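So that you can tell them apart, the chains are marked A, B, C, D and E in the order they are listed, and the count of residues begins at 1 in each.
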Amino acid sequence: MQELFSQYFIYWLILILFMIGPFGMIYKKNLVKKLMAMNVMQVAVIIFFLVLGQKTGGTLPIEMHGLAGVENYINPLPHALMLTAIVVSLSTTGVALALLILIQRRYGTLEEDEMLRRMNQ
Amino acid sequence: MREQLPALIIIVPLLAALAAPLIAYLSTRLLRIVIIGAILVSHLSALGTLLRVLAEGPWHYRFGGWLPPWGIEYVIDPLSGSMAVLISFISLVVAIYSGPFFKADTWLRKGIFYALYALLTTGLLGMVVTGDVFNLYVFLEISSLAAYALIASGGHKATVAAFRYLLIGTVGASFYLLGIGYLYAITGSLNMADLVHRLQPLMDSPAVLTAVVMLVVGMGIKMALFPMHGWLPDAYTYAPPPATAFISGVMTKVSAYVLFRFFFFVLGAMNGPVPAALTVVGWAAAVGIIIGSVMAIAQTDFRRMLAYSSVAQIGYIALGLAIGNTFALIGAVLHILNHAVMKSCLFLVAGGVKWKTGEHTIEKYAELSRRMPLTMGAFLIAALSMVGLPPTAGFFSKWYLVLGAMEAWMWPYIVVIILSSLLNAVYFFRVIEHVYMKKAEPKATEENGGGRELPVAMLVPIVLLGVGILVIGVLNEPIVTQILQYALPGGGR
Amino acid sequence: MKELSLIAVLLVLMVVTGTLALFLKDLLASIILFSAFSFFAVLIYLALGAPDVAFTEAVVGVVSTTFFIAALRRLKRGCSR
Amino acid sequence: MNRKFGTIILDTAFRYLVPFILVFGMYVLMHGEYSPGGGFQAGALFGIAVVLGRLIQGEEAMLNISGNTAIILAGIGTFIYGFIGVLTMLFNGNFLEYGAFPLNMAEADRHALGILGIEIGVTICVMATIIAIFDALTRREEW
Amino acid sequence: MTRLLTFLAIGLMSLMLFITTSGLPMLFDPNSPAATHVSPRYIEKSREETGSPNFVTAVLADYRGYDTLGETTVIFTAGIAAVLLLRAARKHSDCLPGGDEE
């Protein structure tokens, strides 16, 4: 029972982390905060994938002498996928920051309500 | 080299895009030739691939020579092949059109614009032909990032629209990635063909339900399905005209295609939670069609009206998927094709008018038929096709959708389709009336280009698409029986 | 089991720092907290046996914090009305 | 970052730090097959070294790459990656099938060579892109 | 109003996420599908097939090398996008005078 609970607990924590993203994006009005919420969400997805790759009894996915067999190594596929995902999130952040600077330069604010008000003037 | 055709579809525009900054630095004239040439090569290889696929059946291309579940493979069947042909064709046409917009710019801006444009094309083509779900995510991100940047380059309001699109779009992509994660967790595979039979015994697992919801939300955001369409109107309105024409024509449809691929080819339309999800998608689409059409009537800006009309038209495609029988699916796929051509044509016209007169409200379209007869002729064809009058392409897709709804006894859907056709007629005849009947007030401002029509580089694509609508309308019978029929699930040979 | 509780603790820390970073008023402070969040992410990747990913995340954490702060310097002096 | 804000201490520290960062980056790139690391990390390290130079010594830093050059370099880096794929296609392999190189060595070695080649491309691209983004984010507007 | 509805939708979705956790495989299970289906080949063969003892590099650069090409393209896209937005914009002078100078 305790075993089972701790199983779900990890998944739940990851999903809470994931859900911080959408909630934060709607709740926070500051655009930089929205961007951070987006990043939190992507990190949660990455952790989710890595958890899928972990095995009890497995070591790092680098071949060592005298240690053969599938069960001795962690599944390397999620790691390779998540390297790509991390890079994607960095790229998105870079583009978003460039957009933020443009918005700030034009509208003088990063608060969403204020920005929309100035936009429609 | 013939064996390498499927790879060439993607690689050639990709390499052209990567070399674009260097080429632009050397010569901006050469840049335009290289980009257009690359897209042309991509289009020709897509055509060649499609022809061979129609003759010999699906074509699998293995990257790095690795066998499918371990490596990445491209799968070109009639559906993805015709999508690739469509995308590269629209891309080619819009690339030719975009020339006059960048006459006065520096090499840096030109180079980057064309690079982003080619990358957008690459990303969309890659999403269509891939047979690997994670590879699809990578290309989704390439196309999305390029689209954000292209939209944002349209000016200040465009920046805000692009930032909003970036946030929402990244949420969509993350949802999609998490959905893949669930599928990977229960099957251990990322290859679509492999997923098909590994998923069969697992369809009742709660994880599949989550994955389906995630895919619907993620791709729904990307394709602007009704409650998630918030990003679309602003983005389409403020983006620079060539970018809008391409993005509106193709980008949302590719996401619709991905949804189609997942529901009907990977998961199977009759299994587990998929029918329920399809029903939800169908009703969302039905509401979206009505609301999009009504909102379109309320607009005074021509491009904004077209944007809301896009929301409605995406609804048709989703509706076809939701009904799910042969007629409806043919209608959906045919509508992807038609709408891509029609909407691109309309946005090209809008961009041309903006370029020439600097105006974009509907009132300012008065009497344009005198000054730009060919452009407005193409506009008339596209508008009639959007409404759905018989000889044009738009009629046939709606006809198949209605047939499908009748076969499935979904009367509310038929009411929605007919009602929205009426609404379409209302807002397009308003524009047509301005163009052909209203008298323009005399104006003092001088116009770009001076003479009567648009420059040839802009006029040819518009007319080409306008004629294309008629051709698709006339040839719809062979298109359906020769190509689309084999594109449907179970319709292959 | 020990591994599980380590990961659980790190995840809780990440939830806390992530939420705090969103709710702090001062932007610079929230960026710093965000880099702490990224550091916990590095630790958790290590705990999950992914040194490659952890290395990348460490590098990316540095780069993205640099970007954030560089952007913040620009944001502080936008054109004000 | 046009103006430098380095003091003599920062400047000296920078002079000692940068060679180590570069050597470490090189190590990460070359040793990527045997230990964690690879093209992306090495590129990011190189990029950080250059950005550090920008931060401390301003425009006239000792190793400096301007924004425009960085953009062209980024394109070339990724182009190298794609070009290796095209090369394998010319040698009758599929795209990125390193085994198709007509070299007189074992299959695994050919793959290792191909991997090294693409990692170099990735390194150049990542380094240049980080510099380009940083340059764009910090540049004072010209208008 | 829209905001409230969105909150509600996201709340419902998280609820569903929490409930359907039971469909996922056991944590760190060596017999989960992910550990037994595709990945064993990478672990067993990568040394002889790609010459790389680091399985992650082997997967990243060889088995799924095409993904990495995409990844590099994403970085390139982000770089040119940032440059386009901040340095190559057309000269709009909407920014009010006096605000943007140091």
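What we mean here is this: a residue touches a chain if its C-beta (ideal position, glycine included) is under 8 Å from a C-beta of that chain, and two chains touch if they have at least 3 such contacts.
None of the values given here were measured: they were computed from a predicted structure.
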Checklist entry - Along the shortest chain of touching chains, how many steps lie between chain B and chain C? => result 2
Checklist outcome for this item: Chain with Cα centroid nearest the overall Cα mean is chain E
Checklist entry - Looking at A-B and C-D, which pair shares more C-beta contacts? => result A-B
Checklist outcome for this item: Rounded to the nearest Å, the gap between Cα centres of chain A and chain C is 10
Item to check | Inter-chain centre distance, chain A versus chain E - centres from mean C-alpha coordinates, in Å | outcome: 8
Next on the checklist: Please tell me the distance, in whole Å, between the geometric centres of chain D and chain E computed from their C-alpha atoms.
Outcome noted: 21
Checklist outcome for this item: Here the gap between chain C and chain E, centre to centre from mean Cα coordinates and rounded to Å, is 16
Checklist entry - Counting only residues that touch at least 2 other chains, which ones in chain A make the list? => result 6, 10, 18, 22, 51-54, 58, 61-62, 77-79, 81, 83-84, 87-88, 90-92, 94-95, 97-102, 105-106, 108
Item to check | Residue numbers of chain B (touch at least two other chains) | outcome: 14, 18, 21, 63-64, 108, 112, 115, 134, 138, 141, 145, 148-149, 152, 156, 159, 184-185, 190
Item to check | Multi-chain contact sites of chain E, meaning residues that touch two or more partners | outcome: 17, 22, 24-25, 27-28, 32, 34-35, 38-39, 42, 47, 53-54, 56-58, 60, 62, 64-71, 73-83, 85-87, 89, 94-95, 99-100, 102
Item to check | chain A contact footprint on chain E (complex, rising order) | outcome: 3, 6-7, 10, 14, 17-18, 21-22, 24-30, 32, 34-35, 38-40, 42-44, 46-47, 53-56, 58-60, 64, 67-68, 70-71, 74-75, 77-79, 81-82, 85-86, 89, 94-95, 99-100
Next on the checklist: Help me check something: in the complex, which residues belonging to chain D touch chain A?
Outcome noted: 34-36, 40, 133, 136-137, 141
Checklist entry - In their shared complex, at which residues does chain C touch chain A? => result 1, 4-5, 7-8, 11-12, 14-15, 18-19, 21-23, 27, 30, 34, 37-38, 41, 44-45, 48-53, 56-57, 60, 63-64, 67-68, 71-72, 74-75, 78-81
Checklist entry - Along chain A, where are the residues that touch chain E in the complex? => result 6-8, 10-12, 15, 18-19, 22-23, 26, 51-58, 61-63, 68, 70-71, 73, 75-81, 83-84, 87-88, 90-92, 94-95, 97-99, 101-102, 105-106, 108
Checklist entry - Residues of chain A touching chain B in their complex? => result 18, 21-22, 25, 31, 34-35, 38, 41-42, 45, 48-49, 52, 77-78, 81, 84-85, 88, 91-92, 95-96, 99-100, 102-103, 106-107, 115, 119
